[in-house]
Structure formats: C-alpha cells, structure tokens
Amino acid sequence: MSTNTAADVIGVERAGDAASRYRQVRDFTESLCATLEVEDCVVQSMPDVSPTRWHLAHTTWFFETFLLRRFATGYKPYDSAYEVLFNSYYNTVGPQFPRAQRGLLSRPTVRQVHRYRQAVDEQTAALLRDPPGENAAEILRVLEIGLHHEQQHQELMLTDIKHVLSCNPLFPVFRSREAATTRGNGKPAPSPQRRPPGEISDWHSYEEGLFEFGHDGQGFAFDNEGPRHQQFLADFELADRLVTNGQYQAFVEDGGYRRPQLWLSAGWAQRQSESWESPLYWHRRDGQWLHFTLNGLEPIDADQPVCHVSYFEADAFARWAAARLPRELEWEHAADPGRIETGNFVESGALRPTAAGEEGGFTCPRQMFGDVWEWTASPYAAYPGYRPPVGALGEYNGKFMCNQYVLRGGSCATSRTHIRPTYRNFFPPDARWQFSGIRLARDLQLSS
Amino acid sequence: MSTNTAADVIGVERAGDAASRYRQVRDFTESLCATLEVEDCVVQSMPDVSPTRWHLAHTTWFFETFLLRRFATGYKPYDSAYEVLFNSYYNTVGPQFPRAQRGLLSRPTVRQVHRYRQAVDEQTAALLRDPPGENAAEILRVLEIGLHHEQQHQELMLTDIKHVLSCNPLFPVFRSREAATTRGNGKPAPSPQRRPPGEISDWHSYEEGLFEFGHDGQGFAFDNEGPRHQQFLADFELADRLVTNGQYQAFVEDGGYRRPQLWLSAGWAQRQSESWESPLYWHRRDGQWLHFTLNGLEPIDADQPVCHVSYFEADAFARWAAARLPRELEWEHAADPGRIETGNFVESGALRPTAAGEEGGFTCPRQMFGDVWEWTASPYAAYPGYRPPVGALGEYNGKFMCNQYVLRGGSCATSRTHIRPTYRNFFPPDARWQFSGIRLARDLQLSS
Amino acid sequence: MSTNTAADVIGVERAGDAASRYRQVRDFTESLCATLEVEDCVVQSMPDVSPTRWHLAHTTWFFETFLLRRFATGYKPYDSAYEVLFNSYYNTVGPQFPRAQRGLLSRPTVRQVHRYRQAVDEQTAALLRDPPGENAAEILRVLEIGLHHEQQHQELMLTDIKHVLSCNPLFPVFRSREAATTRGNGKPAPSPQRRPPGEISDWHSYEEGLFEFGHDGQGFAFDNEGPRHQQFLADFELADRLVTNGQYQAFVEDGGYRRPQLWLSAGWAQRQSESWESPLYWHRRDGQWLHFTLNGLEPIDADQPVCHVSYFEADAFARWAAARLPRELEWEHAADPGRIETGNFVESGALRPTAAGEEGGFTCPRQMFGDVWEWTASPYAAYPGYRPPVGALGEYNGKFMCNQYVLRGGSCATSRTHIRPTYRNFFPPDARWQFSGIRLARDLQLSS
Amino acid sequence: MSTNTAADVIGVERAGDAASRYRQVRDFTESLCATLEVEDCVVQSMPDVSPTRWHLAHTTWFFETFLLRRFATGYKPYDSAYEVLFNSYYNTVGPQFPRAQRGLLSRPTVRQVHRYRQAVDEQTAALLRDPPGENAAEILRVLEIGLHHEQQHQELMLTDIKHVLSCNPLFPVFRSREAATTRGNGKPAPSPQRRPPGEISDWHSYEEGLFEFGHDGQGFAFDNEGPRHQQFLADFELADRLVTNGQYQAFVEDGGYRRPQLWLSAGWAQRQSESWESPLYWHRRDGQWLHFTLNGLEPIDADQPVCHVSYFEADAFARWAAARLPRELEWEHAADPGRIETGNFVESGALRPTAAGEEGGFTCPRQMFGDVWEWTASPYAAYPGYRPPVGALGEYNGKFMCNQYVLRGGSCATSRTHIRPTYRNFFPPDARWQFSGIRLARDLQLSS
C-alpha cells in the first residue's frame, strides 16, 4: 500500500517554499492598495482598465477556480455569483461578466472582496500544508502559474489606477515622491544623471548567426515562451540606452506628430482620430511639458526614459531617428539575465523609469530590464512548434496572438521575480497606458 | 437713515422658517444614503445617471455658487476645482466637467463631499441668520430654488441608484421591504387591492372650454410653469386609474413589442435597436415576470401601476388600448390639488407605486399625484409669453425645451412638498429609468 | 340593373382632369432629371438623402401598390422584388429595403426605372380611362394622395441632389443660372432689391382670440392638417419679411456660433459635434462667404432669405435678435391664401429663395408662401381629435409625430399647386438640407 | 555631343515591349467593365470597396502623376482637381479625397473618366515612343510598377464589384457562366472532379534547414519582397490541396461558428459582432447552402476550394482540423514557380476557384498558384534589412506593415503575369471580400 504523502513527492521544503511565496505575493498585492480610497477601487476609466477591486477579486478567483475547486477536498464555492463576475476570459470555465462593464459593479464591496481573499487564502494555505499526494505536482504547477498571474495583475493594478487617477482634474497622488524614494529595498530611487538631451545613445553590435531562442523548460515560464527553437539573425545593432524624454521632446518639437510620412498608415489614422500630440499623460502648460505620474503632476525629466508611448509612436520615433525598433529575438539575443538584478523594478519603489546610470564597461546594453517595457517590431505570434496547453489554462496566451506586438524586459511596475529574458509581453499597437518605452535598433550596414 | 434688517424686510419668522426648511431638505438628502456603501456612490451606469456622490456635491455647489458666492460677505470658495467638477450645465457660470465622465472621478471622496456639504451648510445657516438687508428677498428666492433643486436631485438619487444597482447581477437591495413599510409616516405602504388584470379603468369626462393654465405666481413655481395663460380644450376623458402591471402584461403578451403598427416610427426604431421586450427592470424567469425594485428582485404585482416605461411604450400601449395619452393641459385641468395629500410620495417610504385604493366618490381621477410620473402627449415647449429669467438660473429650464415630453403629477420618489398641479417635468421619449407610467385619455366622441 | 360607369359617378370631366393632372405631375418629375447624369442618380450622400433613381421608382411603386394592385383588374405586378426595394416605410405593406442602404443599389438601372415608370403610367392611364364604377371615388382619392406624394418627392429630389452634388469638390452645377432664369413661366427670376443688411423687418401685429385652425375638408389635404378645431391665440407679431443672408451673416459675425447662451442645449451639443460655423452649404473663401446652390458655387446675396438652417440655428438666431420663432397656428392665422399666387415656387425656375419685393400695402406679411419653409416653434403633434386613416396610408403622417418641428409655407422647390395655408411640413430640429429658413415673431407686449 | 536616345539606352525592343505591355494591361482593365452598367461603377458598398469608376481613374492618375508629370516634357495636368480626387494614400504627393467617401462622387462621370484614361494613354504612348534619354531607365521602372499596380486594381475591381452586386437582393450577374467558360484562353473552366467531401488532403513534408527567401532582384518585384535573406525553417508539412467547400461545410455543421475555443479572441469578438455563420456570400435557403458568385447565386460545389473566409475563420478551421495555417516562408519554400503556368488565374475566365485536378506525381502541392489567396499565419512585417524606397512610391507597401496577415499564391482574379513565389499580398484578419481561402499545414512530429 502506498503511503506517499505530498511531502514525499515534492519535498517538504518545496511545499513550504510555495506557501511562503504565496503569502508574499498575495501580501504585496494588498500593499499596493495601501494609499487608495475605497472610491479609487471602483472606477473603470476605459474598457482596457479594470477597477482595483476587480483585480483583487479576479486573482483570488483564479486560485479558487483552478486550485481549490479542483484539488481541495469538499471545497464549497465561496459565492457562486463570483464565478461569473470575476472570470476574465476563460470560455472553458463558463460565461463572463462583460469586461467593459466592470466599472458598473459596486458590489461586492472592497471589504467583501478582502474577505473573499482572506477565505481563499486560508483554504489555499490548508491545501498547501497537506496537498493530496496524487495531485501535489499539479497543485504546485498551477500555484506557480497563479502567482505569476497575480504578479501580472499587480502591474496592471498600477497602470490601471494611474489611468483612473489621470482622468481626474485634481490629479491625485498615488504615492508621494518622498514615500516612493524610501520604499522597497530602502535605497532611494536613482537620481538622474544629466546627459545632453537629444543625443542618440551608443550602439552595441551583434553578428549574424543561427541561435537558439525561447525558454528551455528549466524553471517557470509561460507557454508562449516556448518551445526552444532555432532562428537565424542577421547582423544588427542595439542602442545602449532607452530613448529619453529629452530625445522624444525633440521629436515632438520637430513636428513628429504632424508628419504622416513618419508613421505607419494605421498609426497616423489613430493619431488623427485621437488627436495625439505627445505621449499619454504629457500636458503642455505655460510652454512647459509636465506629465502625470504616480507621484502626481510633475515637469518631465529630460534624462528619464520616455514612457507611455504606443507602438505607433515608438515606430514613428524610430523612423525619425533613422533607426528602427528591435525584433524580439534580437532583444532576447542581447539580453543578459545577470543584469536583471540591477533593473529598476517595482521593488525599488520608484514607480517610474529612471535615468540610465553612467557606470560603464558592460557587454549588454543598459536598462534592458525594468524601467519600461520595450516595444519590439515583432507581431505577437506563436513560436514554431507552439501548442497551447490543454484545458482552461490553454486560454492564457495563445488566443491573443493577433494584432498585438511583443514587448520585452519588464518595467518599473513589474516584479523582479517575474521577469525573464524569454518573457513575452504583448499589447495592441495603440496601447499607451502601460509603462512602455523605446529602444532603438538598426541594421549593421547602416552604421558603417 | 435706514436701519432695516433682513428680519424687517422678510420677517423673522420667514427667515427662521427658511433655515429650518433648509436643514430639513438637506438632511433628507443625506438620509437617502443611509444604506449605501461608499462603492455605490461612485458608479455611473449610463450617461444619464450621475453617481450619488456627484448629486451630494452638486446640490451643495448650487448653494455655494448662487447663494454664498453672491451674498455671503467675504466668502472664500471651498475649493476652486469644485466650481468646474460640480457645475452641471450652467454655461453662464463657467466650464463643466463632462457629464458622461462623472463616473471616472474617484476624488473627492464621499467623506470629503460630506465635509463639503457640512461647510456650506454652516455658512448658509450663518447667512440665513443674518442676511444682508438689501439682498434678503433675493436670498430667500434663491434659497427656495435651491431647495426645490435639491428635491429634484433627491428623486434623481433614487432613480439613479436604482439603475446602478440594477446593472449588478447580484441585484443588491437598496432598502428592505420591511424597512420600507415602516418608514416615513409610520404607516405601512398600502397593501394592494385585487382587481381583475386587463380591465381598463373607468373614465372621467370633461367638457370643452376656454380655461386658464399655468402657475399664477402665488408661492413658488419654476419659470417653465408660467406665465398663466388661456387655452381652449376640446371635450375629453381621463382614465380613473393608472395603467397597471397586469394590463401592461396583457399588452406584452398580445405582441405589443412585435407590432410596428402600434408604435411611433422613432419608437419602433428604438425598440429595435435596444431589443426592448418589456419595461425596464422586468426580467422573465421560468415563465414568470419579475422586476427589480429598490427592495430587490420581486415578482410583479398585477395591480400596481406599471412603471419605468418610456414615452414610446406609453404611446404604443395607448394605441393598443384604443386610447391616447392625455395632453398636459387636459391633465392640469383635471388635477385637484386637494388630492396631493393622499398621494404616494417619497415620504410614504414605499419607494414604489402602489395599487389604487377602492374608496370612491371622488370627482378627480385617482392616483393623479404620486406613484408614477404620467407621460403626456405634449412635447415640452414654452407657454405663450414665457421668457427665461435673466442670469445663470435662466439656464434652468428653457434651454431644454426640445425633443422632450412633459410628465405630470410626481412619483413615489418625489417629495410631497415639491409637487404642484402646474408642475412640468420633462424627459426624452426614450427615457425609462424614471418612475414613469401611463394614464389613458380619449376624445369624448369616442366613448359615445 | 345598374349601368353606372365611373364617368357617371365621378363625372367624365373630373376623371379626365385626373388623367391630365397625373400626366402633368409625372412629367414634371422626369423633367427634374433633365440635366442629371446617370451617375448622379445613384448616389446617397447621407441616410436622409435618397438617390434620384430611388425617388423615381418609389413614387411609381406608390401608384402601383395603392392603385394598380388594388383596383386594376388582373393587374400583374411589374417585378415582385420592387415591392420591397421601393417600399419606403409602410410596415402594413411589407418589409422594406433599409433606407440607409439605398445608395448600395446599382440595379435596377436608371433606364429600367424609367421603363417601370412608363409601364405603370400606361396601366394607370388605362385605369383612369375606365375606372371600375364601385371604386371610382376611392381611386380618385388615392390618385390625389399619390400626386401630392409625388410632389413631395419632387421637392426631395431637388434637396437631395443638391446635397449629393455639394459633397463633390468639383461643385457640379445642377442647372445653370441662365437656364434657371428663363424657365418655368418664362419670366426671369426676380432680381433682388437692395436693402440695408442687418435691419430687422417691419412687424405685423395680431390680436388675441379664439380662432379656427386646420383644414376644413374642402379639397385635398393630408390627414395631419385636420380636424378643423378651435384654439386660442394671445397677441403676437410677425415679421414682414424672411430673415436675409445679410442679417444672418451679422449673427455669424457677432459670434452666434460661439455663444452657448443663445442655443438650446441640444442645439449647442449638435453645433459642437458637427462643428457648425454657418448654414449648410456656406463656404468661407478668402474672407468672403460663398454658398453652394443648384446653380453652382456663388457669393451669397445679402438680400436673399437665408436658407439651409436647422431649427436649432433658427431658434438661436431668433434669441440673438430678441425675438422668437412663430408658433404654427400664429403663422396659419396670418397666412393669406390669396398670396400663394405670387410666391416663388418651383415653377419660377429660380430654385433658390429670392429677395422680397418692395411693393407694399399688403395686410399679410411678405414671402409667406414659397422661397423657404419657415421653421415654427411648434413640435409636430396631433391636432385635437386627430386620428390616422385606417390601412397602409395611415402610416403616412401620424407615426412621425415625435421629435420633429413644423415648417410652413413651402419653398422655391415646392410646387405651387401643392401648398395650402394649413399645410404642415415637419423635420427634426437638426435637419439642414431642406430649403428651410426663418421668419421672426414676438409677443406683442414687447413692441410697446 | 551625346546623341544617345532612349532606344540606345534601354534598347528599342524593350521600349517597344513596354508600350505593347502597357496597351495590353490597360485594355484588360477596360474589358473588365464590359458587362457593367454605368450605375454599377458608382457604388461604394463599404469603406474597403472603391467604385469601379474610381479604380479606372486612380490607375490612370498613377501614370499621370508618377510618369507624365515627372518625365513628359511640358506636360499639362489633365485636371488639377483629379490630383486630389484620385490620390489614394500618397501623402508625399498631397491631400486625398477621403477613402470612405469615394461613393459620394457622381462626377467626373464614367464617360469622362474614360476620356481621362484615353488622354493619359496617348501621352504615355508618346513618352514611351521617345523617352528622354537620361530618364529612360527610370521611366521603364516606374512604368513597370504602374502596370503591376494596375493589375492589383484589376483584381480589386473584381472583388469590389462582387461586393457591390452582392448587396443587391436582385443578385445581378456580373458575367454569365456560359460566357465565363468560353473566355480567356478559349478552354472551358476545369470541370470539378468528385472527391469525398470532408476528407483532409494528403500532405507534403519538408525538412528543417537554413534557406534563402525573398526576391533576388532579377526581374520585377515589389519592395516588400526583399531583400533576399536567410531564415531557418523547422520540419513542417503542407496539405496537397486547398480546403474545399465540402470540408468547410463540415466545420460549419460541427458548430464551428458556435465554439469560442476554436477561435482567436479577436476573431470570436468579430464573429459575434458581425453575426458570422458562414463564409461571406454564403446564403442558407431551404436547408441548402448557396453562394453569390460573379455568375450569380448558385449552390455551393463541395469540391471547389472554400473562398471569402477571413484569417479568423481560416485559423479557426485549422484548429478544428487539428492543423494550423502555414507560415509564409514555409509556403514560399514549397512553392514551385514552374506550376504558375497551370494555375487558375483571371485569364481562365472562370472567375471562381475550381476543384483540384487528379493528375498526380507532383513534388509541389496542388493549387499553390491561382484559385484563392492562401492565408498564412504570418503577420505582415518587414524582412530583415527592408527599407522602403525614397519618394512617394516608398508609401506603396511599408506603411501598411501593421495588423495585417500575408496571403500567398494569387487567385482566380489575379493575372498570371502578376504573380511570383515571393509575392506578398496582405489584408487585415477580418477581411473577407477577397478571393481568400485556406491551405493547412502542420508540424512534422504530429504526423508521426
């Protein structure tokens, strides 16, 4: 007779780790609400944005649906209505409350959602303490997906609440700059180094060849990062730094938003219909450019990376700068995972991209990780051999492979423990409310 | 030398009355929020609906703008941003935050809005205690407008929150039925009397003649109720009772929503584009009709007046019933102000229309006041000689005289002290979220 | 045995008259296409506009459906598909090809439509030569409606083609001015008399009283013109002339399109969303105002009546001029049918409103008939006792009594034989593509 | 002194060839209008569709703008208004009449456009007879682009007029089937071979490797086909035949349009909002599937390739069939240019895809060229090293590289002389009005 326990199968240590990591991620989610009023948690400022309360509930729904309902013996659903209310897009699970109407819901209240979180957390902790042996591995696998899923929503909570607050002419402060500089790792956010604005950065060059890309299956990765596969790259160069506010301002002042020749046809149509004149959150006041940040409304800093630009704007800027955006595999080829450690992620507490440091001698371009998601020229598509997982979690990534572009490297709102060189984020080319920015690339022959 | 004080001019008593009435109306507004969660107060479920918080602030803005800023010596505006945020549509006052975006605002918070109310209330009380003599009469005039304005918003708070809660599949209860029946005057809401559904009511007939209409200037009235003027009415009849749910259900079941011949052309287009199949808030479940009420989701009561129908539906129903809607002057001609006292208004606490009583012998049709606003066949237009007042308050009524229809009599959400026989409410013909219902009329020759 | 023939019943003469009048009206329709290219007849420039070809076919469908199918013995429908294609809005008759898609149809061709006209004309002529006795009166009644219906479409053909041509940057000429001035009755179009622009006209005053209104049933009238009924009018005044381009230009230059206080709330919203800055068809070029006419693009003439304004603009202009628009019964009260003869109708060939003559001594204001349809302040509603006819023709007028305003008097595109003092035209308040203009009114007390 | 003539530079023969080819292509354009009524040439049935007349004029504008204005000495523009009216999207050339409003233009007439064509043709012929020596090569280069451009519009003329006629409930026939089968090369269109419907075709397999792709610069190609570059392909298989109507019908009947799991998220949203239930032009009548073709409305033929499906439908079908769409480079790798000769192109006169023949023994899959454009899984993006040409013609391709998918192989509406293995057509994933169909692919490991 088998007396295998979950601990036998997956190791006591690993199960304990999982519980602790679960606690940590869940706590961080709630810490993001520390400065929010109840009112802030209700508003949906556009269809792409979800109310904070919805994020709090949906991430909990995820664990309830894919973990507790499947694996916790005798689990009794917390509230059958939540099954629909907080299902995002899983048709396999069942119907969904319409995304664009999430802001119409005033109930369950924030307090009720917190109680929901607590209840699910308790059950999950119990499950992790004593996972049924035959499912232990699957439980850990789903748990891990759930935690990465929650980290994605942590970032969305920040970008969504930024958008919500930005709609208010009072420009409420999410977190004061003082608080921001003394949070996280205790270090103040890096203070910007002055560089002449408008200067395009140095370049790193790479030689052509047949290389391997995608995740190798060691450790966690989303399905869309694999399978590992070969691809050929031609020679290319990558800018040493992200494009700065100062450089982008030069583009604006050179009529960048008035010259259709610089834009993709669809981009120009969008710019026209939305009357874009600058990145999202920039405001022109008395001849000066301000931008709305999570610290409130502030003058732009010329040395900080430009942020909240769409693919269309990134692409137009690159054309203006006689360069192009990197392809995602070029970016992946150049990315050194050893540099993740130094990136400006959510843990720094800055909640904004910061200027590149001056320290030199790296073989890898600066700012590859953190600060801003970098738009690539690559439409989001399946890697050769890609096959979505069977079951509801197969709806996680594959079905969105259309009319989106890949972004790489994470942002100042991403968790450091969430990012990988193979990580593929994706948004439609007109999306601007993420912390998205620009790194330039070019074909090698150009620079000779 | 003149030593006239305000008290001299308007009488101590009247100033004291004003202060007391101010307190009463303002308190009632807040009492309407008693059961609301903070979250409920933020949501805007459609452009016509304003968040509760906005109503709380806007009615306060009204007193601040038209009373304190004009008449309180040395008054310092509470917050200059509020001037724009809570201006509804007064172009003369200045710019307005866009109406359809009121639900994007999470700040000021509900608590801050309550503090705003308190501050303005204190200043208003002070002003009323000692009004500058030369402005005393004007202050009282504006105060009265402000109080009637606030009563209008009290009704909107109820209809708006009903719409907000109705969008939630949880169908939250605004006020439990038990609470509802023991509120207000302490009397339980009238229990419905059974009548055979489908039966069209008795008729009251009126003879032709030249009559006077409109407000005569004695006591308060809105500008659009005057001037008093003559008009000729042909013979007509008015139904003794409001159309009931039971009668309306017969219309529904007779294909009322499938027969374009019964509808105005614009009404049919609306019915098609919105897929109307019943009044707003009706739900078909397991072969039974339920409706969402402020007491939650309940089976419809066949004897209660049908409610939440548009002009288009009222008009189609009337055509189906071989009758028509009354003209507003016909209604006014028949209305006996002495019956206001017995109407089902917000003070009853029922928050829903109730079935007509059986007591008889009245010369005036039943249910003329309270229960539901009665759609009339009259487009909302200026009376002969009408001229909007000079200044910002001239924007109150006149500029909306286009593509709206007049409703008469007040509803279960109206204050009894707010209504008059000459009172003209108005909404576009597709509006359904008000407590609006149907009384039939017909030309006299028909009944012979 | 009865040997009654149609001629016996209705009189040979009257039947002959009918045939001749039929021929005349039908011919005039075709004469309006004389200068059109086939291509012109296909385009639908907005949902309100129908292609010329569609007008040609629909007016024919009317006679086929309501006359031939009902009364011509053994009549075989010309083409069963036409029943749907050319049904405008008669739900009683059957389904309709969607109005907004009429411009998608390239077949039947213009030539085929002309053949359709010819075939129906022949059958109609035959029917009129020998109408079945028992139906003779009804045939004449329907024929008369059909002819008035066709005259309405003649006017629409002109306003619609004007809109179509106006969308073309080549500004094609419908009819050259030379042709225009030598058409019709052979007289040249009246040459404008110079008057100082900006001067508001003299006034005619009318005393209060109880008067009769609406059509008395003698001769043809549409159902909506009756029944004849009493109504009380207060004292009022009516301007002696239509508002001119010069006067309207003064309004424009005084910021009329920039001052929300002058506008109805819905009007201002429309002006904003459509960016109105002047009447439809006005173009500002090199500091001069031109307008597109059926004679091509020309400088505006300050003395000619302003045209192609919406109700919203007419109403705003009136407010700016410290006046108001007339109510429809005021207009009817003042209108002298004896002046129809001198009006500028389509028969004059001018195809544009012309300046008022200087001849004096009339008791009735000038330009009451012809030139431009005059917006009244009256929402289009049923007269007391109005009841739409039974059957399909009951859909002619009644179902449009919602969100429209009454216009009176006919225009330069109306047939003289089509107009009456009781004639009620109606359009939504934002409609501008009709020949619609402004006459001012005011309450009497104002002028004292 | 130089006496070089164009003939010296480019060779008399080549210049003569060019003139003859010009004549041939231009004539073919006009031959496509042979059965059209003037009315057909005016209609724009959706924004993507252009009126026939516009195609006739725009292709002429192309030669006038890029050839005559630049190279014909003393050339006087035909009509300055045409510069704007018939500019499609070349911002470098100047402003454009809005695309979605092309159907509002009734002038210039079809006849005038033909005169425009004739005038430009004469001038072009003259220029080609005696091209200025220094520009001769450039003239031939632009001429070649212009002719390929016109061939593209020939195909659009067919797909656009098909859409226009399809909107008409009369379902007009563009060309009778009899005419279709005896046109072109004189051979009747291939008669379909019967195969069991529902059977998925045989597969051709290809081994992984590093291959070259893109055009090598020998002969004409569009800029987007280059530069020639290396890319690595993993093992894959390609279906021997196109997906047939019969197979697609099995998908429909298996609930293909009701199962969101089969669809991309954006595809499902589109299917929902447009209520797709079958390919464009399919109609269900009395339990049978018909489709609208250029020969009129007909029953579908189970053996013919399915057509008029969007990328979304192609992708969903592939998922249902446990396969995927080919990547464009896989397709290019498998395509044998020697098979172009046997493809079903516009020259066959069939104007519809035809069933695959049964003859065997080919190393290349059947139907790779002609019949239908084959949707690939590849988003339309720049090849490594791609750079749009300088000048207005640089707007030809590059600026559309966003949110579109590549299609390969040409269709029954494409000219045989227009296609190449490297040819990249592109349309948004929801486009259905092109002759677009499906070939399946799969990863090799699957089939083992």
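Residue numbering begins at 1 within each chain, and the chains themselves are lettered A, B, C and D in the order written.
Heads up, the rule we're going with is that a contact is a pair of C-beta atoms (placed from the backbone, for glycine too) under 8 Å apart; a residue touches a chain by one contact, two chains touch by 3 or more.
Please read all numbers here as calculations on a predicted model, not as lab measurements.
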Averaging each chain's C-alpha atoms to get its centre, pick out the one most distant from chain A.
C
Whole-Å gap between the CA centroids of chain B and chain D
61
I'd like the Å distance between the centres of chain A and chain B, where a centre is the mean of that chain's Cα atoms.
48
Could you give the separation in Å between the centres of chain A and chain D, each centre being the mean of its C-alpha atoms?
39
When you check chain D against every other chain, which residues touch at least two of them?
none
So that we know how the chains sit together, what is the shape of their touch graph: line, ring, star, complete or other?
ring
For the complex, give me every residue of chain C touching chain B.
89, 91-92, 210, 229-234, 260-261, 263-267, 327, 377-379, 381-382, 384-385, 395, 399-403, 429, 443, 445
In their shared complex, chain C is touched by residues of chain D numbered 37-43, 45, 53, 81, 84-85, 97, 101, 103-110, 164-165, 167-170, 172
